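Next come two complexes built around chain A: one with chain B, the other with chain C.
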Partner chain A sequence: MDILISSIVAGLLIGMALALVALGLTIIFGVMDIVNFAHGEFLMIGMYTGLFTAQSTGMDPLLTLPLAALVGFLLGVLCYAGFVRFLLRGPMVAQLLGTFGLMLLLRNIALLIFGSEDRALHHGILVGKSFDVGMEIILPATKLAAAGLSILAFGAVWLFMKKTRIGKALTATALNRQAASYMGIPAERMNALAWGIGVSSVTIAGALLVNFWSVNPYVGLLFTMIAFAIVALGGFGSVPGALFAGLVVGLITEIPGFWDFLTLAFSAEWMENVPMTSFKYMWVYVAYFVIMVVRPRGLFGWKY
Partner chain B sequence: MDKMLLEIENLVVKYGGLPVLQGVCLAVKTGETVCVLGSNGAGKSTLLRAVMGSQRATAGKIIFEEEEIQGSRTEYIVRKGIVYVPEGKMLFGPLPVEENLLLGAYILRDEKAVARNLEFVYGLFPRLLERRNQPASTLSGGEQQMVAIGRGLMSNPRLLMLDEPSLGLAPLLVDEVLSTVHSLKRQGMTILLVEQSVREALDLADRGYVLQTGRITGQGTGSELLQSDIFRSAFLGI
Partner chain C sequence: MEVLNSAFDFKDFPRLDLTIAALVAVFLAFFPVLPHSSFAMATVIQFLMFSLYGMGWNTIGGYGGQVDLGKAQYVGIGAYTTAVMLTKWDISFWFSMPVGVCFSVLWSFILGYPLFRLKGHYFAIATIATSLVLKDLFEVWDFVGAARGIEISPIQFPSPDFIRLIFKEDVYYYYLILIFFFIGILYMNWFRKSRLGFQLRAIKDNEEVARSLGINVHWAKIRTYAIATAFVSVVGSFHACYIKNIEPEDTMSLDISILIALMAMLGGAGSLWGPIIGAGILIPLKSYLKEWLGARAGLIGIDLIIYALIIMAISAFEPRGIWGIVQKIRRRRR
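Right, the complex of A and B next:
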C-alpha cells in the first residue's frame, strides 16, 4: 500500500510541474489557434538558462527563476514578432511546418553551443536533500520545491488572465478574436503577449525541472509530447484543464512504479521481463487516445 | 447643416477578385439615424466591416470626423469612436454578462466613466442586471442581443453601427430591441443601422439607403423610399 501512496504523491508532484510545462502551450493555442512544436525546445532553453546561471554565478538554482522567466518572455515576443507573425498569413500547414522548423533550429543551435552531452546540476540548497514524511514516503526537496513553485507560477498566470485588464483582454481574444478587436483590443499585441507569457511559463518550468532532470539538446521532444497530451486531455486552450490534466498525466507516469511492485509481490513470471516503468509514457498516450475517441474536445471542453 | 460624422466615398470591396461592394457612397451626420436596407448577400455587413477596418477595401475613402480612416487598424477605429455591434452578436459566451459588458469598455481608462456606463446599460436593459453573473451563452437570443448592444455602448461611441439587431428574434423582442434603439436615438446617439425588417427600420431612421448587389440604388427619407419604384419593387414586391 505504501508504494501506492508514494507513487501517488510522486505523481502529483511531477504532475504540477508538467501542468506548468503545458500551460504555455495551451495559452498560445487558445489565443491564436497555433500548435507550437517548438514548445519543448523553449523548456530546454529554460533548463540551460537555470543550469548555466546557477553554475556560473554560484547562485542557488531556484534564484535563477526570474531570469528564466525574463529570457522566456523576451524570446517569446521575439519569436512572435520576428517569425510566427508571418506564418499566420499562410495556410494552416505553413504554421505546422513553421513551428516544426523553429524546433529544429533551436535544437541545433543548442547542439552547436552546448554539445550533445547530458548536463545536470550538482549543487543548490535543495539538490540531494529529501524529507521523510513517514509511511515510507520520501519527498525529494527539489521535486517538492518544483511542484510548489509550479503551482505558484500557474496560479499567478491564471490570476493574471482572470483579474487584470490586459489579462482579461487576452482571455477575450482567446474566446473570440474578431469580437475582441471590435472592443478595441489590439490583436497583434495580444498575440505577442500570449507568446511572451506562454514561453516564459515554460522556461520557468525548465529552470525548475533542471533541479532534478538532466538536460541535453534533445530533452525538448519528450516534453513537447507530454504537453500535447496534457493540452488535448485538458481541452485545447483551457487553463484549469491544463492543471487537471497535468496531475492526471503525472499520476499515469508514476503509478506504473506501483505495477512493478505488483510484479514483485505476485512474482508473476510473464510480467517480470516487462518492467512497467519503462512504458510509463506509453500510458500517457493510451489515455490520450482514449480521450480523443470518447471526448475529442478534451475533458474540459473548448476554451475556458 | 449639421457636420458629417461618417462619409464613405466610392467604396469598393472584393472577396478574392469578386466585387461585393462596387463603389458605395454613404454619409451619416452627427445625431442622425441612418439605415441601410438590402436583401441577403447585398453587402451590408461587408460595408460595416470595411468601416471597422476588419475587411480591406480595394478602393474608395472612409472619412470619420474629417479623418481618413481607411486602412487603419480596427483598434484605432474603435478608439476614434466607432462601435460595431456585429451580426450574430459575437459574445464572449463563457464569460458572465457583466464581464462581457466591461470588455466593451476596454478602451476607457476612467473607472468612474465605466461604472456610469454600466449603470446606463443596466437602466436600458434591466433584464441584464438580473442576469449579470450568468454566462452570456446561457441567455436567450433576445437577451444576448441586449448584451451585444449594451457592450457596444460601454465605450461611449460617437457612432453606433448595428448589424441586423433584430435577426432571429421573436416579433415581440424585435419591437423591444428596436424601441431601445429608438430611445438611444432620442438621447442623441448617431446610429447606422442595417436591417431586414424594412418598415420598422424606416420608422426608426431619419434616412435610408437601399443597397442592391453592392450598389446604392436608392436613398431618401422613409416616406420618400416607401414611394419610390425601385424600393417598392426591391422590398415590397409591388
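Right, the complex of A and C next:
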C-alpha cells in the first residue's frame, strides 16, 4: 500500500512539472500549427541556465527562475524571427525537419560548449532536504517546490491567456487565425509572442527540474517526446488539457512503482522478473501512440 | 514483360539527365578499380545504402506525401533478423533477408492500419513513437543482446563467404549493394508509373478527390508503406552483415529515421533522382566533416552543427529540395 501511495504522489509531483514543460509546446502548436522538435532542447537550455547561474553567483537555484524566463523569451522570439517565420511558408515536411534541424543545432552547440558529462546541482536550500509525511511517504523538498512553482507558473500563463488584452489576442489567434486577423490582431506579432511565452515557460520548467535532475546535452529528446504525449492526450492547443494530461503522464512514468505494488499484492513471481524500470518511458510512447490512434483530438482539443 | 519494359523506360527524362546518370553509373561501377582510400570506400557504401533507404522512404513520403519519421525500426528489424539467424542458427543471408522482409512487412501492416487513420503532423509524430517503443523493447530484450547488441565475429567463417555474406574486403559488399542499388532504381522507375504510383500522387494532391475517384485511400497507403518497409528492411539485413556489430542505438535511433527522410527531402521528395542526389550530398558531407572537424580538430559535435545549419537552410528556403531548384531553372529557360 505504501508503494502505491508513494508512487501516486511521486507521479503527481513530477506530472505538475511535466505539465509546465508541455505548456509551451501546446501554446506554440495552438497558435501556428507547428510541431516543435526543439522543445526539449529549450528545456535543456533552461536547465543549464539555472545550473550555471546558481553555481557562478552562489544564488539559490530557485532564484534563477526569472533569468531563465528572460533567456527563454528572448531565445523564443529570436528563433521565431530568425528561422521559424520562414518555415511557415513551406510544406509540413519542411516544418518538421526544420525544427529537427534546430534541435540538432542547439544540442550540438551545448555539446561543444558544455561537454557531454552529466552535471547536477549540489547546493541550494532545498537540495537534499525532504519531508516525511508519515506512512513511509517521503517528499523531497526539491520536487515539492518544483511541483508547486510549476503550478504557479502554469496558473500565471493561463491567467495571462484568459484575462489580459494581449493574451486574449493570442487565444483568439489560436482559435481562428483568419477571423483574428480581420479583427486587427497582428498575426506575425502573435506568432512571435507565442514563441516567446512558449519557450520561456519551458525554460522555467528546466530551471525547476535541474534541482533534482542532472543535465547533459542529450536530455532534450526524452522531454520532447513526453511533451508530445502530454499535448496529444490533453489536446493540441489546449491549455487546461496540458495540466490534466501532465498529471496523467506523470502517473504513467510511475508505472514501475505500480508494478511493484501489484507484484507484492499478488505475490506473483513471474512479475518480479519483468525489468519494468527499463520500460519506464516506453509506456509514455505507447500511451502516446494509443491516444493518437483512438482520439487524435485529445481530451480537450479542438484541432484535428 | 510489360513491367520490365516500364522499368527500363527512362524516356521521359531529358537527355542531359540521362547522360549524367549514365556517367555516375559508370563511375560507380569502376570506383573500386580507381585509387581510393578505405574511408572513401566506406563512405560510398554508406551512400548506396542510404540512397536505398531514401528510395524506400520516397514511395510513401515523396509520392504519397505521408511524412514517415519511423523508418529506423524497420532497419532494426531487418538487421536483427539477419544477425540473430546468423549467430544463433548459422542461417544464410539469402534466407534470412526475405524472412526479415516478411517480419518487417507484417509489422508494417499491424502498425499501418491504425497509423494511416492519422494525417499530417499527427501521423509523423505517431511514427516516431512506434519506432522509439520498438527500440526500447530491443534494448531490454536479452535474446537479441539487449543494449549491447549482437556482434557477428568474422573469424569463424572463411573470408569470401557468399552464402553468409561475410567478407574481409569491402569490395564484395560494394558490388553487392551496387547491384541492389540498380535494382532499386529500376523498381522505383516502374513504381512511379504504376497504378499505385499514380494513385498515391492523387492522394497527395487531394485525398477527398482521390477517394471520390474510387481509390481505396487507406489501403493504397498501407500497401505503399509496406513497399517502403521492404526496401528499408533489405538494406537493414545488409547493414548487419556489413557492419557486423549492431546495437539498438545505431540501427533504430530517431536520428536514422530523420536522416532517411532528410536525404529524400534535400534531393527532392517525389522524384526518382531526389533521394540519390540527397544521399550523394549529405553522406559524404557528414562523414568527411566528422573526419576533418570532429576527429582531427577535436571539436566534438561541430560536424553536426554544420549539418543542422544545412537542414535548417534547406527547409526554410527551398523545401522542394535540389530537384526543385533544377526544375525551377528549367522552367525559366523554356
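Note that the second predicted complex is superposed on the first by the 292 of 304 C-alpha atoms of A that agree within 3 Å, B and C clash if a C-alpha of one lies under 4 Å from a C-alpha of the other, contacts with A are read in each partner's own complex, and residues count from 1 in each chain.
What we mean here is this: contacts are C-beta pairs under 8 Å (C-beta built on N, C-alpha and C of every residue); 3 or more make two chains touch, one makes a residue touch a chain.
Being a predicted model, the structure only gives us computed values, none of them experimental.
J.: Clash or fit: how do chain B and chain C relate after the overlay on chain A?
T.: fit
J.: Report for A:59: first if it touches chain B alone, second if chain C alone, otherwise both or neither.
T.: neither
J.: For the superposed three-chain arrangement, provide the angle chain B-chain A-chain C between C-alpha centres, rounded in steps of 10 degrees.
T.: Between chain B and chain C, as viewed from chain A: 90 degrees.
J.: In the superposed model, does chain B or chain C contact more residues of chain A?
T.: The larger set of chain A residues in touch belongs to C.
J.: Looking at the overlay, what does A:151 touch: chain B (first), chain C (second), both, or neither?
T.: neither
J.: Answer with first, second, both or neither: which of chain B and chain C does A:186 touch in the superposed model?
T.: First partner only.
J.: Between chain B (first) and chain C (second), which does A:8 come into contact with in this model arrangement: first, second, both, or neither?
T.: Neither partner.
J.: Quick one: classify A:141 as touching chain B (first), chain C (second), both or neither.
T.: A:141: touches no partner chain.
J.: May I ask you to decide whether A:78 touches chain B, chain C, both, or neither, giving the answer as first, second, both or neither?
T.: Once the two structures are laid over each other on A, A:78 reaches no partner at all.
J.: In whole Å, what is the nearest CA distance you get between chain B and chain C after the fit?
T.: The answer for the closest chain B-chain C C-alpha pair is 14 Å.
J.: Can you list the residues of chain A that touch chain B in one structure and chain C in the other?
T.: Touching chain B and chain C on chain A: residues 304.
J.: Quick check: in the complex, which residue numbers of chain A touch chain B?
T.: 165, 168-169, 171-172, 175-176, 178-187, 303-304
J.: Which residues of chain A touch chain C in their complex?
T.: The touching residues are 33, 35, 83, 86-87, 90-98, 100-105, 107-109, 111-112, 116, 221, 225, 228-229, 232, 275, 278-279, 281-282, 285-286, 288-289, 292-293, 296, 304.
J.: Sort out for me which residues of chain C touch chain A in the complex.
T.: 61, 67, 69, 114-115, 117-118, 120-122, 124-126, 128-130, 132-133, 136-137, 139-140, 254, 258, 261-262, 265, 269, 299-302, 304-305, 307-312, 315-317, 319
J.: Contact residues on chain B for chain A in the complex?
T.: Listed in rising order, the residues are 52, 54, 73-75, 78-79, 83-84, 86, 90-95, 99, 102-104, 106-107, 151, 155.
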